[in-house]
């Protein structure tokens, strides 16, 4: 019988509010084997950990049960604490009475009763725990960054700086991401391209960094320190090594009417294209949806004009397999589609545009070469209405419930820049709140209002209606003046909410990484581990984790890089000791377990056994390689004799938990 | 056939090809045949028999016999050869130590089957092509063989030998046996009817373990039900749950490995149709994952240690045809 | 001698069932087995039930003591209650004799098995003479008269009537309770049937079978016989023979954890099982040969050695028809007796 | 209120794989998505760790419903575990149904780490289903009841 200590955490009021922690520790004190039971405000705090350590020493505890938050959160913390006072860390179990109890139950009586049962189950399990020793596994000293926007670029550069190999996988033909489409950046108003493109070039030139552009992840296997990844390098029909990026082909291609995604469809590109002048890699790509040669074998003009002979219409998708020690997710964001927002008339008029489109309209490399002109008639707009929170902070279900964070600032930037360049323009900004926390942000916003005379109006736009004469009627309410406004605008700019890139969800699935209901990746801890996913070895960089502006993104990108470097500098990781083990005396040698093992961890040996009647017998028995076994347990069920069991999750432990949970009352 | 087998066994014994012969030994009443190992020609002459009552599947004895030195001759009926292959697949027997002779089978019966026809006081039985002629102290009765066959033989899946070193007599064909008819009939019942059916049957269980111990798929060094550390060890079916538990788990442990030899039902002293549980798994496997006959070949991957990405979801159980 | 017309058998059963719990052998799920009588239930035509009647006094599982665990306290609970009075109807001569063998083990020597005693005290045995014995029957070898069984009351079934006669006080008390449905008659029909049955018994294949060469005197000779190896060769190690046997009396005691306590129960054990008499050091009977030998040594040698020559077998023939490999006491005895 | 009939509260055991479904359950908690306290979760490394014995054991000890949650097929942390679990559970559930035991008492649901809402919804639905079925009678062990 173990000597068990039970420690019930209040988690401030997170647990204590719906679970009577005193009642839980009192009830669990009565369980067989429990010699000490207490509760404390924050078990994970130093004082809390000391409480546990002291009790282990004072009562000679052989087993510890912590009733607290999810073991995915603090199991490692507590295991480390008990190990520091000499108790085997695997003699500790966590009963999850927060995520799976206090947070989902409102009734204190119900919560308390359930917490006691969960505690009992953990006690029942600990009774059967055995000390386990962790093994070691090597770390592949190479990182993978998924996404080549500013987040991915920064992370990759920082990791490479520390001397580790990094691969960037970018689904578009060039790295750079959303930042390449932005004209100027707040609050300094320096040109986005000027600060981004050198970094892109750095990436291309850094010998530690390899860029897989126009590529996507196909499969991820393995675990922290040893991921095995298949990357699908899409056929771009241009040999990257031969193409010099001269751009000759992109001027000769006869397919001229392909919407140019770089300018958000506001102008056209050819079927063979380089997204923009500073693209990295600066290599042409053929769009197979528009290329005549690829569609019906007629044309071949680009091949003729290519001096380097880089065009290869027969190119196939190529699957590259590579091993990585760590994976960084930097998949970024996109503005939401606005087709559900009829009231803003986005689909009714070309002159109702999104903020990102506005960026392109003011950018020198944009469709208007940087002159602000109405998309419909190319005329200079004199009245511009900016609408904030389009789809953000929206609980109607059409948009997103969260604040997109960046819109207030970029709208201030747009308004300010417009007024500066075109002082004859009337600029209105409709807002719910103006949120400008951040260094020099509020000053920036105030400048827009005070120096540049932008009309900031608190209130929401009710209707945007294009008129036959080209004017756009904006109906809105001014909440402060308490009046209805009717503005005849020439251009309406919508600050569309941002959402995670569509590729994020399937990627999360591949990585077995958590996501929240909005498809943002979940961090391991919102405050303490903001750049790590709960899945070991997966790190988060940039807007894939939540809306972020460039400074935040870059900070997080560097933080993620630091975490990756911390992992890659290790030669070995201690491995999970919860691995399968075969009881040779009961093993039939039937090979069922071997067949279901995904790691090839099971082999067979012929071994001599002394039988009860003093004869010897050579029997074929299974042998598990603990360094290779990952502890899934598939073999344990395949084994008919029950010879195969899993340490840490043994048959008897799981059945003890079942018993404790089902105990009739 | 008995004569041919006897002669061949003697030849192989005398020329040293084999050291022992695994076959069937005559008993008191014609029908009470015991599997036996014969080491000499004299022993063979004294007791070796092969007739319509030699139902025992001898393949499982090879687990024990191939641990011994020397080579053993075993006679295998078509359905026994499937068990033989399955045991080879699972590395439970040593092929090198076995000389397997395939022998034909017209289906088997048993004393129990005859007694179920109201025959009692049996003093002698003779058989011709179609009939058993049974002498009893109460008179003589003739029973058509087809009527007296064991259930497993009435729905025989194969007269074809899937493994042998030599064959005596003609090899047969794999049959279209309608062996799943009874399973289908049960499936067509309401859950309440099925529950009543199985409760009535399984409540007869006395947990003698005959089904398990005779089963060629149950060759575990120690069965989970005998292992106090397994947490589910049972020595007696103490209540209805344990009756269910034992038979569900046993069927599950042999699922995908059971060749449907029917020994479990043959030996059950309470005549519980245990083979229906195994056949239910076989039928499900065939329907859900494609036809699979355990033991048809050596080395195949059993359905439960295999998968495809397109496998049906467990929810199919809620949506399937029937009640 | 009292009798009742077979057509009126229901009335007889109803009359008994009204006073006490009544069990009769009936056909259930294709097998003859004892069931608690319910209106309309018919007696089986089978010679005997698959399971013997020993279940009534020595059931396969029986709770001995319960431990109620709550927190760190354990309460000990005796689950015994006074057993209800019951009647077992239609027990064959062989099975009736098995009770006296079990009595010797559980009742007539110290310590008395109070669980067995409780059931035995409250049970009334109504036996049934045989008319159509089977080739597997050899009760005669043990001095049992299938035509005139023992019991608290005895029945004979003829073409049209059931005859019943009390033998013990218990039997008389029972018949007193059901007297109204019975009518007085002479015993001529019964005597005629007895003679007929005895004649058939004489013609059975095992009529001459005898175990008289076995007993305590030949203990080592039997024990050391080389024939055990081949006799046990095909034994599956299942418990069929022991569990259908009316005289096998070995049991194991186990604890069952109910989640809120322990039920300490006993259940039939079988010397054929690999964990029979398993001790901390291991098992003294190392292979199936020793386990197999134990069963027959017990019935043919140890039991008579300890019980004035009475064998631990009643010749019911259940093991002959139920053993999956058709190995049984008759084959064993016949094989070994040549050496004695 | 001695005469008041206590509403039936089912006992539900949910086996959740550590990587997806347990994380999904945590996420349901983090997002405060309620489901009945009748559900108690047992953490297993993978859905393939769940032995049919555990499921029967739960029923024996008084569970009224048992649900197994794992990563979506194709997303197993161990690559193939849930494929084996899928076959095993399909056959086991089919067998329970064959024995006339209510098939609605057992369920397999694939819940990813991102599907906190699905986890809560699944549990709400399963509890409702099992509550409607009432107490587990067909696979109960009377010894375990008091």
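Labels for the chains are A, B, C and D, by order of writing; each one numbers its residues from 1.
Just so it is clear, a contact is a pair of C-beta atoms (placed from the backbone, for glycine too) under 8 Å apart; a residue touches a chain by one contact, two chains touch by 3 or more.
All values reported here derive from a predicted model rather than from experimental measurement.
**Student:** Write down the chain pair with more C-beta contact pairs when A-B is set against A-C.
**Tutor:** A-B
**Student:** Report the most central chain, judged by the distance from each chain's C-alpha mean to the global C-alpha mean.
**Tutor:** Nearest to the common C-alpha centre lies chain D.
**Student:** Could you state the distance in Å from the CA-based centre of subunit A to that of subunit B?
**Tutor:** 57
**Student:** What whole-number Å value describes the gap between the mean CA coordinates of subunit A and subunit C?
**Tutor:** 73
**Student:** So what's the Cα centroid distance for subunit C and subunit D, whole Å?
**Tutor:** 46
**Student:** Measure off the straight-line distance from the CA centroid of subunit B to the CA centroid of subunit C, and report it in whole Å.
**Tutor:** 30
**Student:** By the touch rule stated above, which residues of subunit D touch at least two different other chains?
**Tutor:** 52-53, 57, 61-62, 74, 80, 84, 88, 143-144, 146
**Student:** Can you list the subunit B residues in contact with two or more other chains?
**Tutor:** Expected reply: 224, 231, 238, 304-306.
**Student:** On subunit C, where are the residues touching two or more other chains?
**Tutor:** 256, 258-260
**Student:** With chains as vertices joined when they touch, what's the shape: line, ring, star, complete or other?
**Tutor:** complete
**Student:** Applying the document's contact rule, which stretches of subunit B touch subunit C when the two form their complex?
**Tutor:** 27-29, 31-37, 56, 61, 111-112, 115, 120-123, 136-138, 200-201, 203-204, 206-210, 212-214, 226, 235-238, 263, 266-267, 269-271
**Student:** Would you pull the subunit A residues touching subunit B in the complex into a rising list?
**Tutor:** Interface residues on the subunit A side: 585-592, 595-596, 604, 617, 620, 638, 640-643, 651-652, 655.
**Student:** Across the complex, what residues on subunit C touch subunit B?
**Tutor:** Where subunit C meets subunit B, its residues are 28-31, 33, 47, 50-51, 60-61, 132-136, 200, 203-206, 230, 233-234, 236-240, 242-244, 252, 254, 256, 265, 267-270, 273-275, 320-322, 324-328, 330-331.
**Student:** In the complex of these two chains, what residues of subunit D are touching subunit A?
**Tutor:** 11, 13, 18-20, 22-35, 37, 40-46, 48-54, 57-58, 61-63, 71-72, 74-81, 84, 88, 112-114, 116-117, 120, 144-146
**Student:** If we count contacts the way the header does, which residues on subunit C are in touch with subunit A in the complex?
**Tutor:** 69, 71-72, 257-260, 282-283, 286-287
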